[in-house]
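Here come two complexes built around chain A, the first alongside chain B, the second alongside chain C.
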Partner chain A sequence: MSQIFDVAVIGAGSIGTSCAYYNAKKGARVVLIDAGDIADSTSSRSDGNILVCDKQPGFDAIFAKASQDMFPKLENELEYKIEWTQKGSLYLTETEEEFEIASKFCSDMKECGIQMRMMDHQEVLDDEPYLAKDVYGGLETISDGSVYPIGLAYGFALAAERLGCVLSLHNPVTGIQKEEDYFMIQCKNGDILAKNIVNACGVRAPFIGKMVGLDIPIQARQGQILVSEQTFRVARRKVHEFGYMLTKFQSGSYERPVSERVKRNEVAFVFEPTASNNFLIGSSRSFVGEDIRSEIDVMQALAERAIRFFPVIADIKVIRAYSGLRPFTPDHMPIVSDTPVKGFYIAAGHEGDGIGLSPITGTCMADMIAGDKTFMDLSLLSFQRFCS
Partner chain B sequence: MEKKSGIIYDGYPSREEIVTANGWPSEERFAKGPIAIAECVQEIPCNPCEAACPFHAIKIGTPITNTPRIEEDTCTGCGSCIAACSGLAIFVVDKTYSKTEALISFPFEYLPLPEKGDEVEALSRGGEYVCQGTVVRVMNPKRNDHTPVVTLAVPKEHVDHVRTMKRLVLPKPGKGFEPVEPQGVLDDDVIVCRCEEITAGEVRDAIRNKKATTVTEVKRRCRAGMGLCQGRTCGKLVSRILSEELGSAPDTLVGSTDRPPVRPTTFGELAGIKKEV
Partner chain C sequence: MKREVVIIGAGPAGLAAAIEATKNGCEVLLIDENRTAGGQFFKQLHKFFGSQAHSAGIRGFEIGKQLLKETEEIGVEVWLESSVIGIFAGKRVAVLRHGITETIEAQSILICTGGAENPLRFPGWTLPGVMGAGAAQTMVNVNRVLPGKRILMIGSGNVGVIVAYQLLQAGADVVGIVEGMPRIGAYGVHAAKLKRAGVPFFIGHTIAEARGKDHVEEAVIAHFENGKILKGTEQKIDVDTICVAVGLRPLSELAQMAGVKHDFIPELGGFMPIHNENMETSVKDVYVAGDTAGVEEASTAMDEGRLAAVSVSYSLGHLSSQAAEQKKEEIRDRLASLRQGPFGERRMNAKKRVVDMGVNL
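Let's turn to the complex of A and B:
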């Protein structure tokens, strides 16, 4: 009889590798299974932003801040270069009306303990000299940072391995059978037995959920990114338009003054400098199944929107475009939860926040499985909320 | 329609292009003895010839894309530049060899090498037969770094046209080139990805210690292939290292994912606000 693991984590993206690491750190015997490589899907087709600025005031912001606060120590703890930098982030507002919405948001976030401040026209231009001269104002979030997302997942996975976690990569799961007090996980390379399962499969979480009879309401929300050549420092840190919040949460009645092309592709300007002196330009949103091809119309809209805020970008070269799938839930909150199937847990559905929320998600998942109290009440993240 | 000639039409430069880009020695200079001729007409970022000349007769200067000029009064025709040119575009002509014959020295990277005294077929820049030539010298010292230099004696009237010789052994018809067997493994400090300056050692580290099994997995771990050329140059080398490390045949390895754009294009062109030039 082969060994029975305490925890099998299925999915080796940033969430799965984090769950494997924190469970192993608690002393559990862990196996991390993935159909492909570490960070093979969403986590290698994302940006590396670790943000609180794009969360909703309240639980969402507090949960994100708790995760963000774990990053400064992570590089040493994991003994892996995750390229953590913390320079804050800057929202741009195009119009007075948008500035007013942002001001309200800013004061709500401050009440949750998030350090933010409004910046007027001149302050924003002084902060980023290459900005278009007509940008109305901005909103700064002090604690935001970024990592190399792929490196983060490797860091978690390799640190977990040092703690005894077995990495079972390139080993697709084909079925799950519930026995009395353990699961038999049927994989391409043979069966794996485990007392607990964490389904950390992101956009593929519903596929694994079905194997134990659970209907998980996660959908793929595609996003495309353009990568620039290595160049001078266009902006010193993460800069994006406040309209990003409006496209992310599909909320509010404010209409941005944008072209048809930008509107139909739900493009909101996001600029992220990388440690390698390139920058990434996002963002777009669409529901197109699991299609991760780059679409020329979206690429054009991304370039157009970037030049609107930083005209100097027009002469810089694009070297690559890529596209990834965000695991979207109907209420924009992840599922970090147990389920009606005893021993079967879900850590998925983080939409565009999986990189940033990975350390706290892994920590909470390890606490839950060990029967310990989590650092705060997580009922808003329960799977139960979708079972009515 | 008039047939156009030149490097982009024929694959080799026309006399006019050479004269414009590099100049051409005067007849007075030819009468004094051997002299180097650069036939390098494209604005390539390359300047080893400038440093190779012990007499500082070759000038490129700044920017590095300038085409080389050879000062005819300073050049001694020593030939140090021939093997230093990675584009194989420098020759030495000696019109004072004898009353009827002149010498042409050119880089020749085909095996087997000819031997002194051999009678060979002298070819033009375009590879067409010009005349018979006699091998006078074959130089292949270590400093040439595997670029032998062959010197032929040819009738004087042909020396401005002869630039190489026919290979002694040609591939069998329909056979093409034989695959090159790598001579041992690359040293750890050899740069594999030039854009990101990633060495063979870093690629091996990604495979041995970080579990990479495909070209893409190597890329994500150490950035080989993430640069300006998007792996067009290093992809095959990474495959070769993967195949050595994992013991799997190169054709079973999954390559890197191709993504647009095919070549770098500006954000302005993409957005449609700037015309491509």
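Let's turn to the complex of A and C:
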């Protein structure tokens, strides 16, 4: 009989590698399985934002803050360069109405312990001198930061390996059979036996779920990014429009004053500087299956929106465009949970927050599997909420 | 905006294809990023080889002029100074033109963006005065400027020796041709002209270093065996220009973007799009021709362009099956005769492999 692992994590993105690391840290014998390589899919196609500013007040914000607070120590702990920086983030508001909504949001978030503050017109322009002169005001979130997402996944995976975790890469899972007290995971390179499984497959989580008869309501929500040439520092830190919140959650009655093209591609301006002085421009949202081809209409909408907030961008060249798939759930909250199949867990569906939420997700998953109490009640993240 | 056929690149393949497709009744848009059409034709002052059907004996730029005249006469729509920035789903071609990005919906796309020179890395390779042989050819033949006075050519293939000879004709001193292989690469007729002019060939040698303060002042060459420089064999040559002619590779970024299957075919320049006997790729209605479809020569490029154009004309309903087949056979016969001889046969066999893969896609 071959060895039976305590935990098999399927999916080696930021979430899966984190689950592997924190389970191994607790002393479990862990195997990390992926059809491809580490950070092959969503984790290598995302920005590296570690944000609390785009969470909803309440559980969402507290959970995200707990994860964000883990990052400052992570680089030393993982002994891997994850390029953590913490410069805060800036939301822009275009109109008085938006500013009012943002102010209400700001005070709700403060009640959850999130450090935020409103900035008036002049303060915002002083903060980022290249901004369009008609920007109404802003909202600063002090604790926001960013990492290099591929580095983060490698850091987790290699640290897990040092703790005895077996990395089983380029080894697609073809089927799962439930035995009395373990699972037989059929893989391309042979069977792997494990008492527990963590399904951390992001947009492919439903595919693995089906193997044990679970219907996981995760859909791929595509997003595209433009990459600029190396240039001067257009903005010193992450800047995005408050309308981002509205497109992300598709909620509220407020309509942004934007063009048809921006509207139909659900584009909201996001700017992220990089260490090498290129910058990234996001963001778009669309449901197009697993298609990750770039689309010119979206690219044009992204550029249009960027130029609206930073007119100087009109004279800067775009050198690349790429897109990735966010694992979307109907209520925008991830699934970090056990399931009706005993020993089968899900850590997936983080939409655009998988990088930022990875440390806390891995920690909670390790606690759950070990039978320990998680740091807070996670019933809002339970798989059960989709089982009625 | 809609067009039946969008042809990207107005070099030998693109021009020949545009003329053929237009004559067959297709509505064609030919796009090129340069200020004039013609691709590399206008750099080619030498006479072409082959039979009369291949314009043999005519100088490259004369063939280019002829093709341009024909595109004008039959009214091909040509967009110059227009860069194709991408091919998107639904065969939409995005073109940056006069500062504005326009999107054209095509029924068929032919990609003939040509090839690019391979770089060679050695100490000093970024010094001003080190350049591709193609760049030197543009300077001397198109812009009528000598790139330098004392020139060392790296690579003795056809490009290397032809450009070296043209530099010589224009008044430069070609101090030598360096070849890593133990034999001269080019056709004998081209190499012989340089030999007769007294230009030394350093066979089994490579460039070890380019030296100079802020411009090339000296080249160091050395014996080269089994991919390694033999220590102690270095010799200095007083030069101000080093031209690099170490082969071309297909420019196929747009084909990659369109999702076309690629493979590595060393005889045709390396990583390249796979196509079938009609020049169609793994993506339906997306065609390739010329150096994009494997680096060969201007004469094969023109015929590949025509072959693609005939296939497109048939699939759009502008040619009967019988008429198309007859045209294709004529073109394929010409291509076969162009791919004769020790050089041609190697390419012919590689092309057969490509087409076998393409048919089985």
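In the analysis below, the second predicted complex is superposed on the first by the 388 of 388 C-alpha atoms of A that agree within 3 Å, B and C clash if a C-alpha of one lies under 4 Å from a C-alpha of the other, contacts with A are read in each partner's own complex, and residues count from 1 in each chain.
The rule is short, and it goes like this: contacts are C-beta pairs under 8 Å (C-beta built on N, C-alpha and C of every residue); 3 or more make two chains touch, one makes a residue touch a chain.
Bear in mind that the values here come from a model prediction, so they are computed numbers and not experimental data.
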item	value
Fit or clash between chain C and chain B when superposed on chain A	clash
Chain B or chain C, by number of chain A residues touched	B
Which superposed partner A:373 touches (first chain B, second chain C, both, neither)	neither
First, second, both or neither for A:300, with chain B first and chain C second	both
Touched partner set for A:133, first chain B, second chain C, both or neither	neither
Touching partner for A:229 - first (chain B), second (chain C), both, neither	first
Where chain B runs into chain C (options 24-32, 42-50 or 60-68)	42-50
Set intersection of chain A contacts, chain C complex versus chain B complex	294, 296, 300
Complex interface listing, chain C residues touching chain A	86, 88-89, 92, 94, 101, 103, 259
Of all residues in chain A, those that touch chain B in their complex	37-39, 44, 150, 154, 158, 167, 169-170, 226, 228-230, 276, 281, 294, 296, 299-300, 303-304, 306-307, 313-322
Footprint of chain A on chain B - complex, ascending	196, 210-214, 217, 220-221, 223, 226-228, 230, 259-261, 264-268, 270-274
List of chain A residues in touch with chain C within their complex	291, 293-297, 300
